[in-house]
């Protein structure tokens, strides 16, 4: 933030501006690749999601929506998550594409015959190389603390974009399904 | 603990003695009811588990085993847990049978047409009254801090017994299934 | 979405447009109230966060950042979360301000002498009335499935905004603290 | 189980018999080492717990009790868990002592200057070699599916023992603290 303004309003404005630029940049890429990414999720037998820290939370937001849409979805690390296998897709996100646990999970998924769909800033990363489908977000990754790509703290912009992209993937899959909001609503958890 | 002995060995001995007495007491009850409880889980379309605090963790241990056995299992509160409905069973545990969140979940499950299977010390409790299947563990509940029923801290004995009973339920269902250990193993999570 | 366009690109564009309008609207309110909300978090002895479903995940993203900043932070429901008490702040989010578990937690927090800081669309809701600090996001809440306030599915816009506002609160508190990114980095989890 | 009896009662009896034998065996070891293990936890600045699957859940039960006792406790992987450092103890459990994620976490803890306290069946394992304190439970580990050491499924006996040993560690530390049950009770989570 070039300005000395540390108000919340200035911070929101900064975030909005960075996100707008990032989304514009992502859309300038290959829109068909975005749709292919969504189709990969839609065609999966089951979707497993996994990310470290805040990227993982962002993907859990997506996972809940895919469950609402009727998908069979599992969060890696959850007690009831079974083995991944052929026909399944592992949806991951890592800004740098080098996060140890994420790369190991991606390798294990590939070894088990599953496909990997990765959201990352780094097309040449170990994660991207393991992935059948890559969605590129040209944001600063978490390990870049120089402030040159984003004035936000480590990976914040990337993680915000994962939330929005995850919701866009859901929105497309929902609209393609032809279901109404009232059709989906009965799947919402009813025990809390 | 009547003794002044605060060693770990003395503590383990105390826990073992209390657990032995509790299990003997539980088995003196109605063994057929235990088997009916297991059958209710085995016949469910899906099993949902829910408990507060350490009782919830104990049931998550059971949930993981039921997943290994091939059941469709959900932990209430997990991101990917859908709505419960007719044909499903909610497996719960509450020492007092009065834990607010557990009783509310049980009521919601019944309202949704699902069945409740409850592990509790209190057969006349609100939870037990909502349950189609009750497994009684005559342990001190968490709210009893008098030390008369157990020298352990609040509910510890009950929670330990829920772990062991959950594993016994799994063991019976496993042996009845005819599956070998090697049959089950491939379901274990393979991404961590 | 008025359009027939179900592409991911169109969905991202929709989300961006809705978020831009929401943020503009929120900033047109009372910027000083936003700063007072941040100050309430900054002055708390400890911050507890709680929300249902995706709102809860959004607040967990904020919680992680506050931990990075050196705050003592707890997620309600986590195993190691202790009792809330006087001097603590419960940070909550509920679009409708009526979510049962959230309102009960807020009431319990107030009863325990803690303060409530609530993000909501509904200033006249039970949650807002319990809160010492309210941050209003004029988004459609989850229970509104009419599509009039947002073309996104149930509460999606609100939940996205909670992510961005949470990060803006963090960004302001960070910049006010005078810490550099390199000062904060050593607090990141190092066991995974 | 030598018997053909697949009843729940027979399963509980099996579990009790195996646990009794295991505990007897563990106590025949070095009682002073058990107390040294408890002291290591009691003397730590902060306790971090980590285990895979059901071992992790067992340790979370212990973590909650240590929080009740006033310890600063973190579960590895929780959103608010900070970096481990000198003066902290990582409490882990792995039957085989070879679980990848657990060994990596132990190595990272040692690298950060923290100590490792490990519960395991395998004194010569990579985990045990990293640990300053080892508590040996001579149970079958998860990878042994031969049924020779335990008739229970993969690691079940070990995981049950981790629950009981964790509660014994808590019980000793509690009794040594001089606190009454009523002293501890106010720390219990009050927002659910």
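All chains are identified by letter, namely A, B, C and D, in their written order; residue positions are counted from 1 within each chain.
The criterion applied here is as follows: a contact is a pair of C-beta atoms (placed from the backbone, for glycine too) under 8 Å apart; a residue touches a chain by one contact, two chains touch by 3 or more.
Just so we're clear, the structure is a prediction, and the values are computed from it rather than from any experiment.
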item	value
Pair joined by the larger number of C-beta contacts - B-C, B-D	B-D
Angular offset of chain C relative to chain D [C-alpha, multiple of 5 degrees]	180
Whole-Å gap between the CA centroids of chain B and chain C	34
Geometric centre distance via CA averages, chain D-chain B, whole Å	20
Multi-partner residues of chain C (each touching 2 or more other chains)	53, 57, 60, 64, 77, 79, 101, 188-189, 192
Chain A contact footprint on chain D (complex, rising order)	53, 57, 77, 79, 101
Residues of chain B touching chain D in the complex	1, 6-16, 19-20, 23, 26-27, 31, 34-35, 37-38, 52-54, 57-58, 60-61, 64-65, 68, 101, 145, 147, 152-154, 156, 159-160, 163-165, 167-172, 174-176, 181-182, 184-185, 188-189, 192
Chain B contact footprint on chain A (complex, rising order)	48, 50, 60, 63-64, 67, 73-84, 90, 101, 105, 108-109, 112, 186-192
